Amino acid sequence: MARYLIRRLGQALLVVAGVIVLTFVIMRLVPGDPAVAYAGPKATPEQLAQARERFGLDEPVWVQLGAYVRDLVTGDWGTSLRTRQPVLDDLALAFPASLELVGAALLLAIAVGVPVGVLAARYKTKFPDLGVRVTSMLAVSVPVFWLALALQTVFASNLGWFPVAGEYDDSLNTTSPLTLWTNITIVDALITGNWPIFTSTLRHLVLPALVVAAYPAGVIAQMVRATLIEEASQDHARLERALGFRETSILTRFALRPALNPVLSLIALVFAYAIVNGFLVEAVFNWPGLGRYAVDSIFSGDTPAIAGVTLLVALVYVLANLVVDLLQGVVDPRARAR
Amino acid sequence: MTLLRAEDVTLGYGRTPVVHGVTLDLAEGGTGLIGESGSGKTTLARAFLGLLTPMSGNIWYGTQNLRKADRKAFRADVQPVFQAESLDPRMRVGRSIAEALPRSGRHRVPELLEQVGLAPDLATRRPHELSGGQRQRVVIARALAVRPRLLILDEPTSALDVTVQARILDLLAGLDTERLLITHNLAVVERLCRTSHVLFAGRVVESGPTADLLGRPAHPYTLALRDAVPKLGGPPPVARGRAEARPAPSGCPFRLRCPLAAPQCERAPEPREVAGRRVACHRAEDVLAGS
Amino acid sequence: AGGQVRGAGGTPQPTADDGTGAPTAAQAEPGGKENDATFVYAPNLDVVTDWDPASSYSNEIIAMSNIYEGLTRYNAETKKPEPRLATEWSSADDGKQWTFKLRQGVKFHTGAPMDAEAAKKAIERTIKKNAGAAYIWGAVDTIEAPDASTLKFSLKYAAPLDLVASSGYAAYIYDTEAVDAVADGKSDAGTGPYTIDSWRKGQETELTLKAFEDYWGGWKPEQYKKVAFRVTPEITTAWQLLKRGEVNFVQRLNPQLFQQAGSTEGVQASQTPSFQNLLVLFNTESGPTKDVRVRQALQYAIDYDGLVSALKGSGQKASGLVPPGLLGHVFGMEPVHDLSMAQELMTSAGYGPDNPELKLTMTYAQGDDDQKLFVTLLSSALKKLNVTLQARPMAWNAQWDLGKKKGQDVFVMYWYPDYADPYSWFLNVFRSSDKPEFNLSYLKDAGIDAAIDGLPRLTATDPFAAEMAYDKLQKQIVNDKAAVAVPYVQTYQRALTAGVQGYKDNPAYPNVVFFYDLKPAA
Amino acid sequence: MTALVTRRALPGSVDRLALAGAALIVLVVLAALLAPWIAPYPADEVDPVNALLPPSGAHWFGTDQVGRDVLTRVLYGGRTSLSIAVAVLAVSAAVGVTLGVVAGYAGGWVRDVIMRVTDVFLAFPALLLSLTLAVVLQPSVTTVVVAIAVTWWPWYARLSAATAASIANRPYVDAARCLGVPAPLVVVRHVLPNSLTPVLVQLSLDAGGVILTAAALSYLGLGAQEPVAEWGLMVQQGQTLFTTNWWVVTFPGLAILVTAFAFNVLGEGLRGALDPRRIVK
Amino acid sequence: MIEVRDLQVAYGGRVVARVPELDLRAGECVAVVGESGSGKSTTLLSLLGLTEGADVSGHVRVCGVDVLTATPRELRAIRGARVALVMQSPQAALSPTTRLGVLMRRALRLHGLPSGERVLAEAAEAVMLDPGILRRYPHEISGGQAQRFAIALAIALGAEAILADEPTSALDVTVQAEVVGVLRRLREERGLALLLVSHDLALVSTIADRVLVMRDGTVVESGPAAEVLSRPAHPYTRELLEALP
């Protein structure tokens, strides 16, 4: 186990290194002059030269890569050309909200996807299965940006069941100000016992989380269904049947745990995907997350910021995979033997 | 002069050795390789076929080291017959056989099929359209196509039903090529191989004339193996020792299962000559006496 | 001698309803109800990128204009600068000497008094920093503060300094002692009616402002004491928030939603022509558009009326380079769409349906729906002339970079002046230079250059002559040189909650709401 | 592999659903191919006077901001979206399968190097890397293809490396080697064809994903450009009209949904029939 | 205990097993032999109603319950508790994520039996397994141990009969000898009935009282083991015997 852990960590580090180099390469390819972007549209040549020097744009490429890696490691992710703040600070501000949204969405997706997948597997080839398959397929196939618009129009604007946009009712900050610990609003509200903001955040979360959750819930349901059906056709399920267990308890007590392993891999995969999918949703729901930051950065050619976002999401992906690999050891004893 | 000879070869996958320092001659009159599942039989066969390079030790092809030997000649001399799935599922079997032939020799396909007792019109079928026995015959026909001197047979029949098995074995017995035969089935070895080697946990524990070996085993594992085989109408098979114990990591690998295990068994036994065979056991004489 | 006095003279005493003039709240009406509501503005971009009043040159103007003040403020109705921190001013020596009298008793939010010395330091710092729009002070040679209430400027050449001082950018008077500490958005150094309450970068409610108690204009109970900026990039979202009363002001809707706003209960719509127009610049120096006939053909190919109709009210057909409402606007210079004329010109230049295909490259702003409409219409019209328009949307700086390297045949951009004066269209866009910054039609004409250089002096000394000069220049540039096509002038379409009174759009300060002027409807 | 191929498909509704998907795909492809003949109006014909007309007999799906017929554009948009999907899948499958099969067959350090490289690419979610690349390459349909393909090939590399590795150990491959068939021929004749089945399934599943990603890119303004008809772009252009002129957004959105749905259902059906355990992306 | 008359199992209209008569009494061992695909497993599974998707007809009585007409509840009551199943592949027949002891405890609870440590340990010891093995996962034990555990399950649940579907064909001969030894002992000591499916005639001959020979879904010959194997009546049985080396 320890050797496996070390090897796995080594691999993760290698991937991170690759990610850094790749990010760097891509960023070098961005057309347009970051100095121009920084100094502003009506900047004078002197201002441009200053900006150029500031970003080390006059050095050879490999020196820049070396400096880039060194800076990254020491926590200097560069300065955003657009916001003129350190990129890491910007990310620290924007990422918690994204995490909140994606976290909520994934919880929702698991809470819906797993039972629904079990249901479909239990009644495979019968009506509930067909229903689950069609619905989950639709959930996977719907363009999120379109779904976001539709849900917002119907449930927030027309029916008024949920707030139209935003993370929580900001005016609550005057009556019961939020103390920040983790920067994740709902978590902070929960641990400081700030119920007004907690409930407000929860209400605001419903629609965007639902939209972001559509895709993961769909794939999770499909995956759970497929692996359960597979697992339930294994020899061991036959033995359990022969021991007198009910079909449902075979699925939930024996088949689900080994079936969770691919589902876990899937969640790691979907996690990073959902963050990026969230980008499309955040704009519609005015969610103060990474999405707006990323999109604005892209449009303004804000190279350091784009690199920051790219790196961050890639790191999250690598980390999520690492966590999942370790979790798989817990869920499935066979994986521990690797 | 033997065609192939393994000299103190260690074989493995990645960095883990699974066959440890085996020395083995392919003698005339058929060589048998027996041993339990995972003992390294297939691994050894792959090495003899040049598909796996030894981690240490050498394989001699006549007087040449196989590593540097003339591949073309070697391929024409030595051919495999594997246990299952030896035919590309997407290829018509005629083409599979033709692959073994030079362009000018393609006309020999029907002839080869007949040689193994198949109708030539089967050539246009794909493997899944054939029965297991027919498939195995095709495999043999392909191997014979290059007119090899030696066939390396890895469980050629164990995936087949007994009745089919018998027919394939008849076919093999009728061939005049040399063979290295790998099998679980002791009776098959008895019938087809003059010499046999017993493999346990990647080591040869006993080798010698098959009849002697199975008649009066000198190694406790050979003995356990022989007595565990059920015989028609015979007494119930006997379980000797703790069959499910894993091979010992040091000393005699069999000692954890051996009913005769003694303190000296914690030293690895050197192979030695006992009663006309080579045995790697400190207590070979006791075993002989009891068998 | 004989300088013109442009200020109203003395302390202005506008009527209570006049929101655009100087503050009026000093005489508190008794009986007004205390207003503790927050006025919520929904901008579509992040509000603040630069807190420094000297270099600020971006969207933060919507907050800064309420925190900081300049010497004057432009009045879009009278079309004149009006007193703000200066109460009166005069110029002499053909507009090369300017004297401003400063308002007394004004305090910075830091508590320090605002006097001539402070104002001088502020402007000098802005000039020295030379960032953002600092170029507006380009004419200034020296500044003196002979006494606490007098500020004297000597200029290198004549310029309308009262107008310059009304600029939305780089003209703020601030406390130079405190200004170095404003970058974190916790404090400011202004004199305006509002001061920073909280700034949380990247949050939805990015910025909140609160009333500055000691504001020189005083406070009335019904005025808004709290303001919040809630960043809402999606127009639809903004509209829905507005309908539900969660925000009070949306700076930009699309024409369809704007129409809906007009007929939606609880919402009021306000529509004002802006000073911002679309410039379609043709490369006059190289490529196929070097041929003036091609440029003219392109001018004719644009379906101006179709475009304006597709814009559904968010833009109006332009006449000349200068939008209406500014000095130098010409009437009767509306462009004409005439495909057969275009074809004729193309054919005479060797292109057109019977000749080889002409490929033109063009860039426009990413994410701008109106420009995209323009591109769609133009490319489909040009197709009929056997001209393929290869239009690429680009981020501004990438597009601009390319433009400076003469990378495209057609370059599209909006232009608006930093202060309410047409000079910048000509100086920045059409005056020749070796390294073009905004002269992206690469026009190089000594006669035009000379005429442009004479404009500030004329504006400062002889408005009528200035009008004539502007008229002539536009005809030269648009008709004779065909360096540019001007399809439309944008119209600002604002939507507010119905319960707000006193809003007036001032196109000289794009997107700015002067919250001090607002109050809830009775 | 043979085990996978010969596995029986699940009976009943499952197959019928996959069949429905296949039928839908045929319909969408036909509609796209025949667009020039069945579209009621010429492509890209603007008519600002008739902008934003609601659905009617003359314009079944209404008209957009510059008066183009939405139905016509949805039909032409199918050509764009489907070509993007085909191009992306062809490119990424070609690159990915080649590298994957080489990695799987060669094993050892070759496999390690190739797999680590794919790991790096996999660490970027497709949309994100495509976003970044789209900035670098300048938005266009070609860019979309390149950008998505760059993020998509590693999946095929991984998939076919795994299958190729297992195929490379099959006795029939060993047998071919023993017959003296040269290594490249062994790969091309035996390893490659037998590694393709899971790839085919994955291709069908991925078609939906590619169409969605391409639409998302265009939606963000980084993909297809005016006046090209592309569904994501059309949704983006009509986005602000959702509450006032719903048809401009709804029909292209539905087109994306239906097409992605059809591909996903077909792919899922195939996978259910062949290998229920492969990870969906 | 088990009584089969005119059993016929068909998948999608194709009859894959037809058994005119099969009886298993307490303490008896009956073997079913035949080639791959001859319907041996199908016959065995149909005795516990485990042939999903098949059309089963005839008359099957197991421990007094008519399997073909029984409710799922009645079926579950005999499954495991009265008649136990042991299958071919040792590890694959055990849920990979469940510790052996947990599986046994769950099964005992399911049938309302005491499930204390002692009960478990006793069952393990009855098949000569170290009780410590109950804390392991299936992949941590050997094939022979897995098969013996499956038998221990049957003992713990108090089953009267064991249906074994090729219980040793995945094992090495040495291990096979051990598992067969355990089965024989249980039969002698506890009077367990054993229905053994195998393709290994030699193995069958050493343990079975009676033999059914199947081919292509039908029983071609049946009778006392000694008789059938020494004087085969059907040519197919003869062929089988001749094939033995």
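Which chain is which? They are A, B, C, D and E, in the order written, and residues in each are numbered from 1.
What we mean here is this: a contact is a pair of C-beta atoms (placed from the backbone, for glycine too) under 8 Å apart; a residue touches a chain by one contact, two chains touch by 3 or more.
What you see is a predicted model; the values in this text were computed from it and never measured.
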Using the contact definition given at the top, which chains are in touch with both chain A and chain B? D, E
Two chains sharing the most contacts, counting C-beta pairs only: A-D
Taking each chain's centre as the mean of its C-alpha atoms, give the chain farthest from chain B. C
Chain A and chain C have mean C-alpha positions lying a whole-number Å distance apart equal to 40
As a quick test, compute the distance in whole Å between the mean CA positions of chain C and chain D. 46
How many angstrom lie between the centres of chain A and chain E, each centre taken as the mean Cα position? 50
Averaging C-alpha coordinates per chain, one finds the centres of chain B and chain C separated by a number of Å equal to 90
Give me the residue numbers in chain E that touch at least two other chains, ranges are fine. none
Shared-contact residues (touching 2 or more other chains) in chain D: 135, 138, 221, 239, 242-243
Each of the following residues of chain A touches two or more other chains, namely 31, 149, 153, 157, 298-299, 301
Which pairs of chains touch each other in this structure? A-C, A-D, A-E, B-D, B-E, C-D
Chain D-touching residues of chain C, taken from the complex the two chains share: 234-236, 239-240, 254, 256-257, 259-260, 303, 306-307, 309-310, 312, 366-367, 369, 372-373, 375-377, 379-380, 383, 391-395
Which part of chain A faces chain D closely enough to touch in the complex? 11, 14-15, 18-19, 22, 26, 29-31, 124-126, 129-130, 133-134, 137-138, 140-146, 149-150, 153, 157, 219, 222-223, 226-227, 229-230, 262, 265-266, 269, 272-273, 275-277, 279-280, 294-295, 298-299, 301, 306, 309-310, 313-314, 317-318
Chain A partner contacts - residues on chain E that touch it in the complex: 45, 48, 50, 75-81, 84-85, 87-89, 92-98, 106-107, 110-111, 137, 139-140, 150, 153, 157
Which residues of chain E touch chain B in their complex? 35-36, 142-145, 172-178, 180-181, 184, 199-203, 205-207, 226, 229-230, 239-245
If you look only at chain A, which of its residues touch chain E in the complex? 234-246, 253-255, 257-258, 331-334, 337
